[in-house]
Amino acid sequence: MTVLATPVALARARAAARREGRPWTFYALAGLFIFYVVALYGPMICIYVLSFQDVRGGLVFPMKGMSLHWFVDLFTQVRTGDVKGSFDRSIKLAVLVTAITVVVSFMAGLAFRRRFPGDTAVFYLMIGSLVAPGLVLGIGTGLLFNALGIETSWYTSALGAQLSWILPFGVLVMFAVMSRFNRVWEEAAWDLGASRWQTIWLVIVPIIAPGLIAVGLFGFTLSYDEFARTLQTAGSLNTLPLEIWSMTLNVTSPSLYALGTVTTIISFAIIGASLATIALIQRRRAEGGRPGGHA
Amino acid sequence: MTSSSPSRGKWSGWLLVSPLVLVLVPFFVLPIVIVLVASFLESDGFGGLIRTFTLANYGGLLSSKLTLALYLETVKFAALTWFFSLIIGFFVAYFLAFHVRNQLLAIGLFLLCTVPFWTSNIIRMISWIPLLGKEGLINTALIKTGLIGQPLEFLLFSGFAVVVAYVHQLTIFMIVPIFNSMARIDRRLLEAAVDAGTSRFDVLRLVVVPLTKSGIALGSIFVISIVMGDFFVVKVMSGGGTASVVGAFYEDIGVLQYPAAAASAVLLTLVLSALVLLILRSVDIRREIAQ
Amino acid sequence: MSLGPGHIELAGVSKSYDGQTTAVDAINLKITDGAYCCLLGPSGCGKTTILRMIAGHEEPTTGEILIGGEDVVGLPPVARRTAMMFQSYALFPHLSVRDNIAFPLRVRGRSKMDRHAAADAMIEKVRLGELADRLPAQLSGGQQQRVALARAAITEPRVLLLDEPLSALDEQLRVQMRQELRRMQRELGITFVHVTHTQLEAIALADLVVVMDKGVIRQAGAARDIYAAPRDRYVAEFLGGQNVFSGKVQRVNGVSVTLAAPELRAIAVPLGSARPDAGDTIDVAVRRDDIVLLRPGVPLADGLSSLSARVLGVEYQGNFVKVMLDALGPSEFVAYVPERDFFRDPHQIGDVVVAAWQADRARLLA
């Protein structure tokens, strides 16, 4: 018995000692993680760098010169299409989608916390809308507008087509957000005399604010980047992804890369602002102690 | 004075969910119905529809060898993308959730993974061109080191490039839900299992995987439905050499063959729904997310 | 009739969630104005459901709930003038201590100056002065509890309902906060209804202890009555401190019954209000601290009942020693022997002893 027990005890002790260091799996997985991050960023960094070439520049390395030539080219040349206009439309559309997604997802998130007649049907409707092939829905929507005699445009049919995909996403994220909201806060508010509206505005919304911003951020990027559903529903005026798509077919100059750099900068500015807002809220909560204790 | 407790009101659920339904009905249900109806009509050859019921579109679709080839091609891409994004996504999430001890660092690294998601997919796809191309970085480097004499042709405008682009774009859809599931696992559970002498592989197989089932299912639904519903990546990254189900659909639309395209769309939607239902049967996602 | 504002009466109150099983079954209960009442029972006994029905968070399936003489069924908590303190306190994580306490005034439309003045007065009352600007996450469990108490009390409710208020605290703090609750109740002079599953908590705090089991009240009364004179086997075992055994009635002689059981010789038990017949099986309780342990062979005084038994275990408890005996076979039979008495002649495990008690101290259970 003791003869057997000793090696086991030794192994245990050794295992305990090893926990101070790292198991081999840590190094293996760290390697995988680094590989993933490099593969994730590497190609993108390549095109950002290549977009700053001068007029001799091509689509591949090596780098030929340094200038902002292709950025100027992007906004001035006819063959690169209506970048400015489509950019403008995409931002407006994304803002619209974001606002609607936050409000509708929040409401649906509240609804789905308990069962109601037909909830499963609505849930599957949502999942269906999420997984349906985008191009098919886009064409269906286009045909529907056609049949009704309504002109398709980015702010009607494309807005709806985008929402049919982005809302289910928003609601799923909202489920996760809501699962961290304790119902007892709501009960307490009611017990203390708050009306339904006061409960929503003074308790639920402030508590889940970071989650709502995350949903908004989701909505914005998904819309800003949406392609398949918008293709057949945007009407005569293009959104930015449609413009980029036609550029990939016609333009073979670093202008394309310059566009990539510009859109990335815009995206980063927006995420930066959103994350900063979330961080600010979290920090205020963590540190507390607002001077004067205003309401 | 309020008279309704938060736990009451049978219709409040419907009221709250009505805006969602008001979007989904005209922009999901009706378009699908229209496509379904169109799939049973005849084409006049000029983009118009003739109101006679016919099964010819489905007949043509199901008897064509091309259909099977297209589906095989699309399913192949979906399966490969699913496999690689699952493996990478699972282990990246595992690393972040269980190996990075500093929580702030874990969140920082997690954000690092999600950042590219906020940039244009199309741009991210074409960003592979300067790397994988004939004169791209990889070929140049390999030739310079003398490993190869001729540039590798299969790197760009090939099935390989398609899978690379998909995995590059979609792994994040695996990481986020799986990380979310893992974040709820009590680490002490794993430590207890290891202390009890369970091997790391068994801990993974018996504890971690079952507890992240909902995340894996959700990620799989995202990845599979996006790949099967996409034609753009295949079109650009395969260099036009490979077709896809949705690509063929797009071509049909281009030549105004609406009924044939619609039949193909209905078939694809059915296949996709069956796949998703299969996944949903194995795990109650709604309960898992909202728990 | 002049019932105080905080007088609570439940009349035939039942609650069923699915129409088949009843969580609360035809409860009748009166709690006088200004009393401290504890609802005591294991989890799932219906005590929290009763609390939530008084609070207005749930409505009874049948029956009436009267507060201050008026039927409040269907009214929201505000109209009932009740306030609830939740088990985990339910403090709003985004609001400071002051804003949490001022919240009920805010939703009633009171001005900011007004409500902050009221909140600050309350903060002083619960001794949280320097923490007014902190957020809940930065407070200890005890501090959080005081904030919850202050927030519930600021609207001057006539009834305060507390759902397991001490369960989130550690042992030492629990005793301290227990006293604090009692002090607040006296200062506010309102009815407190407190749900707990801890016997000690209930008998230490309450004017009225209500022992519950499976949706019905087993016994309601003053703490001392419940502890010293449990009505039935359930109450005796739940409150603890009693040896409970059953036996068959052999004879009834007007003032006492004689019963026998496989493990014991004939034992006489005084008749209370019960009127058992010969042949009935009845339960008897004897307080553990009424048991005296004697060495075998020592002559017994008059009026003592006794059992002989073997010592199974000895646990030192500080002011007394807990001696476990095998007198009843598999069921527990324990003597609480005063510390000094025990060590005058200590028993060892395995010793044979005679456990004796004054025959009139034994009680018949219903």
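In this document, chain identifiers A, B and C correspond to the written order of the chains, with residue numbering beginning at 1 in each.
By our rule, a residue touches a chain if its C-beta (ideal position, glycine included) is under 8 Å from a C-beta of that chain, and two chains touch if they have at least 3 such contacts.
For reference, the UniProt names are A, B = ABC transporter permease; C = ABC transporter ATP-binding protein.
What you see is a predicted model, and the numbers here were worked out from it, not measured in a lab.
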* **Minimum number of chain-to-chain touching steps separating chain A from chain C** => 1
* **Innermost chain by mean C-alpha position** => A
* Asked: Counting in whole Å, what is the centre-to-centre distance of chain A and chain C, each centre being its mean C-alpha position?
  -> 54
* Structure fact -> dist(centroid_CA(chain B), centroid_CA(chain C)) in Å evaluates to 57
* Asked: In whole angstrom, what separates the CA-based centres of chain A and chain B?
  -> 15
* Among the residues of chain A, which ones contact at least 2 other chains? -> 187, 190, 194-195
* Structure fact -> Contacts with two or more other chains occur in chain C at residues 56-57, 76, 78
* Asked: Residue numbers in chain B touching 2 or more other chains?
  -> 2, 5, 7
* chain A residues within the chain B interface of the complex -> 15, 22-23, 25-26, 29-30, 32-33, 36-37, 39-44, 46-47, 50, 59-61, 103-104, 107-108, 110-119, 122-123, 125-137, 139-141, 143-144, 147, 160-161, 163-164, 167, 171-172, 175-176, 178-179, 183, 186-187, 190, 194-196, 199, 217, 221, 224-225, 227-228, 232, 240-241, 244-245, 248, 256, 259-260, 263-264, 267-268, 270-271, 275
* Asked: If you look only at chain B, which of its residues touch chain A in the complex?
  -> 2, 4-7, 10-17, 19-21, 23-24, 26-35, 38, 88, 91-92, 94-96, 99, 109, 111-113, 115-124, 126-131, 133, 135-137, 140, 168, 171, 180, 194-195, 200, 218, 221, 225, 228-232, 236, 246, 249-250, 253, 258, 261, 265, 268-269, 272-273, 276, 280, 286, 289-291
* To do: Mind listing the chain A positions that touch chain C in their complex?
  => 182, 184-185, 187-195, 198, 202-203, 206-207, 209, 285-286, 288-291, 293-295
* Asked: Can you list the residues on chain C that touch chain A in the complex?
  -> 55-57, 76-78, 83-84, 86-88, 90, 92-94, 96, 98-99, 102-104, 106-108, 112, 116, 132-135, 137-138, 151-152, 155
